[in-house]
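In what follows, a single structure is set out as structure tokens and then discussed.
As written, the chains take the letters A, B, C and D, and residue 1 is the first residue of each chain.
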Amino acid sequence: MLEKVDVRFLKSPEEVGLENPVFIEGLPGIGHVGKLVADHLVNELKAEKVVEIYSHYFPPQVMVLEDGTIRMPKNEVYAWKSDGNGTDLLILVGDFQSISNEGHFELVNAYIDVAKKFSARMIYTLGGYGVGKLVEEPYVIGAANSPEIVEELKSYGVKFEPGEPGGGIIGASGLLLGVSELEGIPAACLMGVTSGYMVDPKSAKVVLDVLCKMLSLEVSVEALEERAKEMEKIIAQIKEMQEMAVQQWKSDEDLRYFR
Amino acid sequence: MLEKVDVRFLKSPEEVGLENPVFIEGLPGIGHVGKLVADHLVNELKAEKVVEIYSHYFPPQVMVLEDGTIRMPKNEVYAWKSDGNGTDLLILVGDFQSISNEGHFELVNAYIDVAKKFSARMIYTLGGYGVGKLVEEPYVIGAANSPEIVEELKSYGVKFEPGEPGGGIIGASGLLLGVSELEGIPAACLMGVTSGYMVDPKSAKVVLDVLCKMLSLEVSVEALEERAKEMEKIIAQIKEMQEMAVQQWKSDEDLRYFR
Amino acid sequence: MLEKVDVRFLKSPEEVGLENPVFIEGLPGIGHVGKLVADHLVNELKAEKVVEIYSHYFPPQVMVLEDGTIRMPKNEVYAWKSDGNGTDLLILVGDFQSISNEGHFELVNAYIDVAKKFSARMIYTLGGYGVGKLVEEPYVIGAANSPEIVEELKSYGVKFEPGEPGGGIIGASGLLLGVSELEGIPAACLMGVTSGYMVDPKSAKVVLDVLCKMLSLEVSVEALEERAKEMEKIIAQIKEMQEMAVQQWKSDEDLRYFR
Amino acid sequence: MLEKVDVRFLKSPEEVGLENPVFIEGLPGIGHVGKLVADHLVNELKAEKVVEIYSHYFPPQVMVLEDGTIRMPKNEVYAWKSDGNGTDLLILVGDFQSISNEGHFELVNAYIDVAKKFSARMIYTLGGYGVGKLVEEPYVIGAANSPEIVEELKSYGVKFEPGEPGGGIIGASGLLLGVSELEGIPAACLMGVTSGYMVDPKSAKVVLDVLCKMLSLEVSVEALEERAKEMEKIIAQIKEMQEMAVQQWKSDEDLRYFR
């Protein structure tokens, strides 16, 4: 039985034993900047999966892997313990955001709940800010749920320009900031400026740079370009597949009414 | 954790100590007439915020302010105590109405609940009535949940013409009248005739005039035009931003299906 | 506070004292045949309103009446006691069917619950069967939840032709038959053949004729034509109004995103 | 009263007395391959209906049968006891999949619950894999929730090619595999390659062949072609009817707003 928002702890927060970790969100979104950075962190740091999240708000389907086995759509939280004098991390990555408006709120409630169970002291949400044209020199723009954090981000080179990001921040990256504020958890959003047309490793790199500086992390960025290429390929492939599958499903819809 | 309709009292009704206040609703709507009047009242009277309302029925996003901090979409109720021989007020203002049909009913239930907790004796809902062309001499048309109130409104110059407003009253301004009737609370809707094409301070002024006369309020109308201009500017800006943000989000939607 | 499906008994079934009444449904639908017949019965028999039904599944609006007062969208159940040797009746009439798929099921559950509380022994649902062209000599086609009722209906001249009504019966008229079957309540649907282009008093008349014969009712049909004309006028008017109101509301939708 | 997902046991699992049966799903879908196979099995084996499933996630309507009686949309589970040294079966067949995204998850939860109540040891979901062109020699492609099952399926001639089925498996056939995995139940999907343009008995035959070999079933395939022809006829008829009914209902929608 799958709950509407089904959060499964593979290990209890006590077992994992993080010390006031920083919670980082990197779900699919504009230019996949956030996802690219977060997936990269999980891989480079060899972080450990501690939570799986399934939901009725994800698409009603399974993915079929290369070897013929299937995988439920899911989001995951990984934990990483620093070697003592650094910052412990929780990293939220995954396949989907909500496919319904109201689902966004319910999922964000669940993410916040996980952060609180691990006593997270701060939340960073990662994303892209699409400008609709190629960006030669990407940079990072920010938003935060307190003026103090805005000032701190500025000191790390994050740009704040009135009217950007236009229209606010849609989805988990935005709502996490807002609900965090209501829960008294400091939170910031780092957005890499990007065209928005493709998976953008350059934009991801500048976001990763800021994040590493702020958290005193040392992470190689070499694999980032490689990872982006692979992600691009997978996305192209899956997009084609997805379209095909949905077309089949739709074109056949009338047939389903019968007997 | 954010409830589906999350009503947060900043002060208890007892602390606020209003005496059978009149509840005024001015949420975004046609020509923003209602919102303009209600926002104006809150500002001119320096009313005190006593309730915040968040909801899964608002858009799943946060707004980014000029200084880089964010704000959750929310509606708010302000309280104003008259100096003894006037009418105490509760004023509902805010960012959004519901984005789903059913959400309208749940939010209106919450508004009525707030009104009842403060022992409101009467509800006024404010709005615009769009006629699709420029209106030289705006006037106020009305609707109410009892014939007695209709008569009273007429005595203040509110017009009632059969077949107007055509199609009934959609959204919070309408439902508040209907649910109030079922709850035994007298309620009326004041609609300023307006083109419907822009934020209309002229129309707002005639609504404000009627309201002030009925409630023996003294409120300067000078700032109204100024406020409308500013509102218009902000709306234009935000509309552009909103479109940009939604486009980005949508154009990128396929990309979100992957891994 | 308005429940999702809010059934309000104005009188308890015991007070009303019907004896195993027949429950008749005539909500808005094709050619408004069902509504026309049911409204006519309520008026001619001077039936007494005993239940009001409000719902979040109706449109989020109120109607404004000629005198400036408002009315919540609602459905109603009327009771009529025969003078002893006839059949007692419960008649469901009203403004709307559900505006969401799932709402249909929840509302039909509520209708069945009312029928059971009054110990209804049989349910008739009334509707139109649109053939897309003018019908010179309308007749009644039927469907029922048992073969015995089919036979009985045939004996009253109701026609049963394989493949009619094509595609089954959508909405309350259909679901009431189906859920009744699961609840062990005999039920039949009477559909007047009609063009589907307008309110059709001729079609309503043949349905009323069958119904009266089956229930040994004596009801004048004179007012039916008059009532249809009036209904047609009101519908034309309201349609125009509705369109105007929805257009206003929609055209203004972007404006609602702001501040 | 009809629950959102209303599972009605006609017999308790104990009464039925299956021994760790295999659960087979064959609901409407691409080329109706799955439905054709499952309906065929139910008929050839003379399996016994043990569960009926109704739901608010099915279309809000009833079907009218040839004799004028009606039928609620429903799915059904049939039980078949082998003669001792074979495999007992549970077969899920029916009219519809969910008409909403979230309904898919709730219905699949219910199917899994039935499977568990009968102590099913394995789940097979059946479907079609549409390639958009005529298929001379159909074959079966597969997916499973463990590598061991993939290997076993290969030994029965089921094909596994990377990137097929593209886009994953949508609907009950896919979700059943995924949720089964989370519940620890082995599960596989068998998809007959098909054009996707029509009910495809050839494709159904190859799926049936594999299934029979795997389960050591002996089932005549003669009636399959006949059944497909009939199904095609019924579908064509119902499609036409369905369109007519929906058109009527829609074209009349404005009329429903009134009084």
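To be clear about the criterion, a contact is a pair of C-beta atoms (placed from the backbone, for glycine too) under 8 Å apart; a residue touches a chain by one contact, two chains touch by 3 or more.
The structure displayed is predicted, hence computed values, not measured ones.
Peer 1: Validating interface symmetry: for the copies subunit A and subunit B, is the fraction of residue numbers used by both over half? Same or different.
Peer 2: different
Peer 1: Please identify the chain with the largest separation between its CA centroid and the CA centroid of subunit B.
Peer 2: Result for the farthest chain: D.
Peer 1: Where the centres are mean C-alpha positions, what is the separation of subunit B from subunit C, in Å?
Peer 2: 36
Peer 1: Per the centroid of Cα atoms for each chain, what is the distance between subunit A and subunit C, given in Å?
Peer 2: Comparing mean C-alpha positions, subunit C is 51 Å from subunit A.
Peer 1: Two-or-more-chain contact residues of subunit A, please, as numbers and ranges.
Peer 2: Each of 59, 63, 238, 242-243 in subunit A touches at least two other chains.
Peer 1: Would you pull the subunit A residues touching subunit B in the complex into a rising list?
Peer 2: 28-32, 59, 63, 95-98, 101-102, 104-106, 108-109, 112-113, 130, 132, 142-147, 150, 153, 160, 162-171, 174-175, 177-179, 181-183, 189, 196, 199, 231, 234-235, 238-239, 242-243
Peer 1: Tell me, which parts of subunit A touch subunit D in their complex?
Peer 2: Residues in contact with subunit D: 1-2, 4, 54, 56-57, 59-64, 66-72, 99-100, 237-238, 240-246, 248-249, 251-252, 254-259.
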